Amino acid sequence: MSSELARTLEALLFLSSDPLSAEELAEATGAGDLDIAGALAELQQTFAPGARGLLLREVAGGYTLASDPLAEDAARALLGRTRHSALTPAQLETLAIVAYLQPVSRPEIARIRGVNAESPVATLLDRSLISESGRSEFGAVLYTTTSLFLKVFDLRSLEDLPDPSQWDATADEAGELRDRLLAAGEHRAGTTLE
Amino acid sequence: MGVAELEFDLDVFSGPFDLLLTLVLREEVDLRELSLAEVVVGYIDHLETRGELDLEATTEFIVLIAALLELKSRLLLPGEEIDELLELEPNEAAEELLARMLEARRYRLAATHLGELLAAAPAVRYREAPLPLELRRADLDDAPAGVWDPAGLGKAIAGLLVRPPQLDLSHVLVARVSVSERISHLRQLLRQAVELSFDDVVSGADRMTVAVTVFALLELYKRGELSWDQAEPFGEITVRAMSRPSAGTRA
Amino acid sequence: MSSELARTLEALLFLSSDPLSAEELAEATGAGDLDIAGALAELQQTFAPGARGLLLREVAGGYTLASDPLAEDAARALLGRTRHSALTPAQLETLAIVAYLQPVSRPEIARIRGVNAESPVATLLDRSLISESGRSEFGAVLYTTTSLFLKVFDLRSLEDLPDPSQWDATADEAGELRDRLLAAGEHRAGTTLE
């Protein structure tokens, strides 16, 4: 059973993704420096190596909770599975747009999809399937696919991307793919207006 | 105070809003003679006196007034256009309206329930931190080759190329006059006079042309070519040119 | 001092942003169901209310760690935001429609509410209470609720939501309304306009 202050600090360290300094902890709890030091010492003991699944680490800038390396294999197994689980439709659409049009900016992806592309782009970046590559003339970040992308889709090069006309006859129409995608996106945005 | 208890003092009716609704539905107040603009103005007055915006009551009001407007617009349209506009028998229209009101009510009450759940949920927080870098990084060497089918990418692009079916509006609107036609008409008139009366613009025109002219007016307002004033509901609309296209750049 | 398996589970629960089911924990650790149940019971005890700064909660189809309400004031001071600032009636109504009808498109939400749903949908997406899940046959993006939705509303699963028909008008109420509307309709049909 920990003291109330130690319990509060544990919760704060759990919630914060960045390390917290003793001053920040004092400010958030309204406790004095000495009390904070005492509660931190208490937590040092609670989270002594080997005691729990989490470790209290002192890093530049303060204290942070981290998972014990003991769990690393299990964590890889767990997260690796999600990493290679199927892409959501939004992610697949976004990835396809980057693959066929690269380099392409996020506003352009959003125009084609007719909806905001922030979340799928972030996930694809996180999964290393796309990466940033420079900026457009308007200053927007441009995205391209990565070599990991080629590997997981088993493509030798971008030339090997399938021809979309086998699923949609209109893909055969003359005109730049980019222009036609943008036109369809605007059309879509127009008809989904309420 | 809810919308229901809101008091109105109108030409054809005075009393609370819920009674007005009941009377309209029982046809004891003729919707065609009821000025919905007055109802809206009355509601806005009420909002101003209260000095605060009750979003829930306002939403309710908007839903109700929209339903009344829809009913009234059906009533006002000449008989043969009802068939063209909505291929609905009066009883079908009533059924549809009923279903819609009941459905909206269901989710309004479900929303209230969600609000209660939210209020009753324990005051706990969840961690929203990104994974540590060493777990987040996908390693090229570790990545399994060919786990995903490239066909998925092609299908996704094909799907994005598809234009959704154009809504068939032919049964709704028999285009006797186009917005662009009305736009040029308005522009032409505004070249001759800085200020126009909307009544003059549409004098002698049929109902559809009047409606399309309003769209043209809105379009030109959006483009900053004109503005208008209307001192009171159903009052005269004065249309004013904002910037005349200069003779040099646009003939 | 906890068992090694309990420590590993604690670390996994700390790392994962989604609640983890006993099956997922078993799969990630390679441990048997019985062992997982034992380790979870151990963690239940470790994180019994009042013992620590964190709680083990069963929500959204799995187990997850959460901060103790004890730390709420300090957390608000530290993170500078309320847990989930109250949702507006429009947002709650939109969320209710998504929760019950998912997957559902924005035009469909607008049809039911009778008003445009763009702004509440954008806010709910922003707060990760709903997310995209594919497109309708007409190309409109479909939305579903997220596991954060279940967490925030303290639901184990969507099945915990009550049957919405309980809020429907009674047959009598609906019948009365129908009669009035029909009477109005017949009256109208008999009227020659202009």
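Order of writing sets the chain letters: A, B and C. Residues in each chain are counted from 1.
We take it that contacts are C-beta pairs under 8 Å (C-beta built on N, C-alpha and C of every residue); 3 or more make two chains touch, one makes a residue touch a chain.
Please read all numbers here as calculations on a predicted model, not as lab measurements.
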Closest chain to the overall C-alpha centroid, by per-chain C-alpha centroid: which is it?
C
What is the chain whose Cα centre is as far as it gets from that of chain A?
B
Chain centres from averaged Cα atoms put chain A and chain B apart, in whole Å, by 37
Centroid spacing, where centroids are CA-atom means, of chain B and chain C in whole angstrom
29
Which integer distance in Å separates the CA centroid of chain A from that of chain C?
21
Two-or-more-chain contact residues of chain B, please, as numbers and ranges.
125, 127-129, 131-132, 135, 159, 162, 164
Contacts with two or more other chains occur in chain A at residues 11, 14-16, 67, 75, 79, 89, 113, 188, 191-192
Which stretch or stretches of chain C touch chain B in the complex?
14-15, 17, 55, 57, 64-69, 71-72, 75, 83-84, 86-90, 92-93, 95-97, 99-100, 112-115, 135, 138-140, 148, 151-155, 162, 164-165, 167-169, 174, 177-178, 180-189, 192-194
Can you name the residues of chain B that touch chain A in the complex?
125, 127-132, 135-138, 140, 142-164, 166-167
How about chain A: which of its residues touch chain C in the complex?
1-2, 4, 6-12, 14-16, 20, 24, 27-30, 46, 50-54, 65, 67-68, 70-71, 74-75, 77-79, 81, 88-90, 113-116, 119-120, 188, 191-192, 194
Which positions of chain B touch chain C when the two form their complex?
22, 24-27, 55-56, 59, 62-63, 66-67, 71, 74-79, 89-91, 93-95, 97-98, 100-115, 117-118, 120-129, 131-132, 135, 159, 162, 164-165
